[in-house]
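Here come two complexes built around chain A, the first alongside chain B, the second alongside chain C.
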Partner chain A sequence: MTTPVVEAINLAEKFPGKVTADARPGYSGWIISKENLVEVATFIRDEMGYDALTNLCAIDYLEQKMMEVTYQVFKTTGGPVLTFKAQAERVDPIEIPSVVSVWPGAELQEREAYDLYGIRFVGHPDLRRILMWEGFDGYPMRRDWKEAFYEEDAKPLKSRWPEGKHKLAETRATFGDNVAFKPGFDPDKWIPSDPEELLYATLKNYKSEVKDGIKTDHVVVNMGPQHPSTHGVFRAVAVLDGEIVVSIKPVMGYLHRNHEKIGERNTWLQNIPYTDRLDYFNSMYNAWSYALAVEKMMGITVPERAEYIRVIMGELSRIQNHLILFGMLWNDLGSYFTPALYAFEERELILDIFEAVSGSRMMCNYYRFGGVVRDIDEASMKKIKELVFDRLPGKIEEIDRLLSENEIFVSRMKGVGYLSPEDSIAYSVTGPNLRAAGVPYDIRRADPYGIYDRFEFDIPVRHNSDLLDRYHLRMDEIHQSLRILQQALKQITEGPVLAGKPQYTHRVPVGEAYGRVEAPKGELGYYVVSNGKGNPYRYHIRTPSFVNITSMEKMCVGTKIADFVAILGMVDIVLGELDR
Partner chain B sequence: MSNNELNSPGYEIPEELEGKVAITTLDKIYNFGRRSSVWPMMFGLACCAIEMIAAQAARYDMARFGMEVMRPSPRQADMMLVAGTVTKKMIPAIVRLYNQMAEPKYVVAMGACASGGGPFKEGYNVVAGIDKFLPVDVYIPGCPPTPQALVAGMIKLQEKIDKQSISQVRWYKKGADTVETPIPFLGPDLIDPRHIPEIKAKAAELAALAAAASETVA
Partner chain C sequence: MYGYGKGILKGLGVTLKRFVESYLEDLNWIGKKYSAEKTAFHSSKNQRGTFTIEYPEQKLPTPEEFRFVPFLVYDEGESGKKEIRCTSCGICAKACPPQCIWIVRTTDPSTGRPVPQPAEFYIDADICMNCGFCAEYCPFDAIKMDHDYEIASYGRNLLNKERLMKSASYYASIRPLNNAREVEARRAKEAAKAAKAG
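And then the complex of A and B:
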């Protein structure tokens, strides 16, 4: 792929009075008046070629009495993201036009902004709460909304540091627990409304009809949140005609643990261990994206050796992520645990390396702004080399031989879960699933970060866009990751691994930044806003699992319910990141 | 279990029956059966669930201790391993699953979140520990606990089972202990039915305070 040329269309000149350049210091992009949002967005998509929306998030500027929605869009032919914003006065009801008609991939992200900020997206087809439940009191991500265990706006909390006279949160909270109710609330007089009613109303209506003289009914099936093959606490509600899916909706929020709210209270550095707990398979990769965003604002250059270490750790986690996916997929398809045991065997060896370099198997907390926290010692380096050069290539071959040609497997996977390349782009699908649809989009090449431009590797592409191709594509990716690792291990030089001195507090200049990486599951982005204080003003995580699930309904309708399990497995969701 | 442990001392076995008859207490043989086949419920909440799977896999192999049969149905499970952050949205389902489990049943809180909220305790959608709702038998520290820690926790549970007596355990007694845990529900916030009187009193108090404040302003 050639180096993409940055489009230099001046939107402010093109749409005078409707678009202005964002001139706030540290900010970039365009501010579009909300009345013209859809018109300008359509222009950006059709004329400028930004065919996919990647990130959409709201920011509450409490002091400016303004609610802002930020959009990041990219071209699937490569290049950096384009940022534009729409603003609305912070008076309820806050209304901003929906861009679902332009980019259908905005659907779930707009619902999230509605749920957490109370912004009504006019024209959204299905605007319901998504992470919290219907009936929850308030919009929790607003700056003036305080949780029951609220202590202070920003950490470090005075009760803990420096004196450390901490009282248990339960003794401080009004209701003695992590709950809050309005004054005068009476649970006995409270009339419960059915929280599921709105959900069922959005499904295609249940109907019964007479077919061939037999009375037939549609069936509503709930899968999850406790189900062995939903990969955690994901829930799907499907309307079935016999075995065929007529309509299906994802229901999430069962693992919504408020990363963003906690992240805004944390100091910049304190967020790094939290990023580990998003996609808990790839804690190494998660922190990378966050570090990139903050480094962009602080203008730090990462030392050479640290860049190599980042690539090594990142690609190792990509390999183990894909291995787990294979193992778990086969579990879901009924081959109980045997392939998973093969996958876990190799994963344990990779986790040994993580443990040796970072101290923890899963929650590595290893990346820092400007490098990594400590160097790889000789013994671990030797282990990595053994693994990458000697063991893994053969073992991947073995797993490939064991699984890929299996007749039952192929017949379960072939032609199932088709999603056209156009739909994939429209629904903001990123990562392996996009490349399996024939779109060679990989951020490592399209918008390079770190030192990925130094390595020789291919972006594998498959064209059938079914489950089998998605599976093969991931197998190809493992081989490419091994190629990158082998080059990185040969090229790595000695040197420092952290720019400057290790610090606990960081002064991040005022402004915004969007850092994006090609995580194993797709694009992982962090949108952070700093107001110059010790903690982020806004800390938004654009996770691949959450956005990729937008296309689930499109893939599942018309297939059998048993295939839904395989389709979901191939979307490769992880709940920590789906619900955040 | 060795012969010595199984045979309670003081009963002499006639010579012709030695090696054919063992004398023990009902508690011992009953606990031996239970502790050797603790079937966990297949039910992962968050990060800890991955370490739970790793503990089941080849390297750590929890099956060595008789607890490998993961059951997705609560009816077939003996032990609920709460592996991960408990959220307000999820807790009604968890309590319902617990109520559906047949007795004897045990709860193990795996990791910091399930034990007390962990790093996410301050979150608005997080329940600060499963013990706010269910009786926990063993807490396993860690974030997430390593598979070794999980196995150690399981062995602790086995030790606990060993010490129980049929005449003492709560599920064979008559009375309040066997009543189902009331299922919390989602209102404006999570409502625990056991705390309704307190919530009501506190909310009324707040309303009175607010009224007094507005009067003084006026």
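And then the complex of A and C:
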């Protein structure tokens, strides 16, 4: 496997006056003047071959009085990401052209940037708040916006030491004073005219018609936010014609806690345990790409043994993630808990290992910049080997026997939720769902990180792009993960697991970095910006759940509302990282 | 494609096998249901039969690295005097991600200079996220993560210094390997210091 070459086309020469190279120290990529953004973006997509947009996020440069939007795009044929930026003066209204017309996958990410930074994306088809509620005043990710429990811009807080007289948090900011309202706005007296008006307006219009002499009507159905099959507090608003979905929109933000704002207040290290809370099924994978991004900026090389441990933990995590998906999917489809609990058994054994190694079953907090926190002890190593070589292959086969050929299951999955490969790429779908559409894109091969280039494994691909293929693809992936694990366990060498001494403060040079990994649910990316201080200046997470949900409407329209449950289950969302 | 019903029967075969197994396996453990041996069997590669354990009669063993809300270690001095290891340097409070550690440093009333001992030490256990950074970065082995996870209560779990203090022998009992490593490291440091002085 060779590392793909860096893009040779010089955009600044191609578009003189419209594109300049980003020359700030520590930064890379191109700055495109916002007037020409769509033109250049189209060129990047059509002529340079960057067919998928992966990450889009805003950065508030308060001192420079500038708002910047960063785009990361990749080629589905492989290679590193291309970064480009558009800048606007930080005076409201801040306007930047929308790139939804070029990459439809930007839709939800642009809404997020609008919601949190107040950047108006001109030409966006449906620019509404997405994570915050409609009546919310202000843009919470702006550097000058202060949250309810605000004490200082950055941790560690001075009130904790050496004069740390404890005060209960709830006495500092009592409920009622912890949100910012528009001037003169009284929440007690506010009666919403129609809070859902904006939302419903984006759905396909109601239609009345007379069929066979009976007047029929479309029905709006709200699924969630409290619905067992939405895996948390996720809501979908659908317009139905009988049982058939005509139009569907995701509504989210019920679990929103502004993770990124917390991340900017935290020190670099303090963010690691917070990443565990994103996709709480895969905390062993989440911190990896954050560590990659920061290690890139700091120029740390990870010791050999630590790289192997990361792979071992990551692949174990992938196996248990897919097992939960199978179990919960069956649960959603109505077979109650038998498959779920069978799948949970193997997951428990994997979590036992995580607990012994990291100290916690789910909130592992195991990664550090430059390695991992501690070595795998003898007993755990023995357990991992027993699991990987002796137990898991047989048990996976058992689950396969239990589920895969079940006729009821097959008839519910086959041909449902089709998304063409072209649409999958356009809507920035990553992970197993992209590969089930016949696009063999896996970051472990396409843009290798860690030591994945040393292992022999296949990237499973399926071609029908329906739910059944997405299911089989994940089963294939478990087998490949076992293959990687078996090789890693044979190859692993002795040695240190952390570069340098353990330290709780880090000097991160000024600059930006984007770290990306193939998490079990898709591409997980961290875009971090440092201004040389002890805390990140910008800390953005591109989570697979959030971006993959963009294509939901495309998959659901024309299917029955009952299939929506299965489709959503197969998108494999987890609300911890969807809402952040 | 498939003989209709064959796939379902295949799947039901798995559940039937499991069903029978769970009874057969129980026969092997008559009279030893709550033994440590049986609990260990639950997390071994040979596990079969009923997977769940019956909490609180049975409990999964906590591995050494298991971490829950931290505690402060004290050494037992002469005549049972509690000598707290903490010097109130504040590293744990600075490293703490949710900032749930509050420390008041002791000052000598006559000179007004700080004394290396905490006057007050609070951990807001409801805010603590059990990450273990405080224990990881403490240079004095003074704050460690606990194994006692049954601390649910009806009110706020604000732990003060008295509540947080636990003996070094307790620490050695829950984390024997870590403790042995640390004792050895301290001894080596002392020896190096003595050699330098001598």
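What we mean here is this: the second predicted complex is superposed on the first by the 551 of 580 C-alpha atoms of A that agree within 3 Å, B and C clash if a C-alpha of one lies under 4 Å from a C-alpha of the other, contacts with A are read in each partner's own complex, and residues count from 1 in each chain.
Convention: contacts are C-beta pairs under 8 Å (C-beta built on N, C-alpha and C of every residue); 3 or more make two chains touch, one makes a residue touch a chain.
Quantities reported herein were computed from a predicted structural model and do not represent experimental measurements.
Q: Return first, second, both or neither, reflecting whether A:412 touches chain B, chain C, both chains, or no partner chain.
A: neither
Q: Once chain A of both complexes is superposed, is A:281 in touch with chain B (first), chain C (second), both, or neither?
A: After superposing on A, A:281 lies in contact with chain B but is clear of chain C.
Q: Given the touch rule stated above, what does A:273 touch, chain B (first), chain C (second), both, or neither?
A: The answer is both, since A:273 touches chain B and chain C.
Q: Considering only the touch criterion stated at the top, classify A:18 as touching first (chain B), second (chain C), both, or neither.
A: It touches nothing on chain B or chain C.
Q: Considering only the touch criterion stated at the top, classify A:163 as touching first (chain B), second (chain C), both, or neither.
A: second
Q: Quick one: classify A:345 as touching chain B (first), chain C (second), both or neither.
A: both
Q: Quick check for you: in the superposed arrangement, does A:386 touch first (chain B), second (chain C), both or neither?
A: A:386 contacts chain C only, not chain B.
Q: Based on the superposed arrangement, let me know which partner A:454 touches: chain B (first), chain C (second), both, or neither?
A: Neither: A:454 stays clear of chain B and chain C.
Q: Return first, second, both or neither, reflecting whether A:142 touches chain B, chain C, both chains, or no partner chain.
A: Neither chain B nor chain C is touched by A:142.
Q: Going by the contact definition given at the top, which residues of chain A touch chain B in one complex and chain C in the other?
A: 169, 273-274, 341, 345, 348, 363
Q: Show me the residue ranges of chain A that touch chain C in the complex, using the header's touch definition.
A: Touch residues, chain A against chain C: 155-157, 159-166, 168-169, 266, 269-274, 338, 341-342, 345, 348-349, 352, 355-360, 363, 365, 373-374, 383, 386-387, 390-391, 398, 401-410, 502-504.
Q: Spell out the residues on chain C that touch chain A in their complex, using ranges where they run on.
A: Of all residues in chain C, those touching chain A are 2, 4-8, 10-11, 13-15, 18, 43-45, 47, 51, 60, 63-67, 88, 90-91, 93-97, 99, 101-105, 114, 120, 122, 124, 127, 129-133, 136-137, 145, 156, 158.
Q: Across the complex, what residues on chain A touch chain B?
A: For chain A paired with chain B, touching residues are 131-133, 135-137, 140, 147-151, 169-170, 174-188, 190, 192, 195, 225-228, 232-233, 253-258, 261-262, 265, 273-274, 277, 280-281, 337, 340-341, 344-345, 347-348, 351, 361-363, 575-576.
Q: For the complex, give me every residue of chain B touching chain A.
A: Residue positions touching the partner: 42-47, 49-51, 53-54, 56-59, 72, 84-85, 87-90, 93, 97, 113, 117, 119-128, 132, 143-144, 146, 185-192, 195-196, 198-200, 202-204, 206-207, 209-210.
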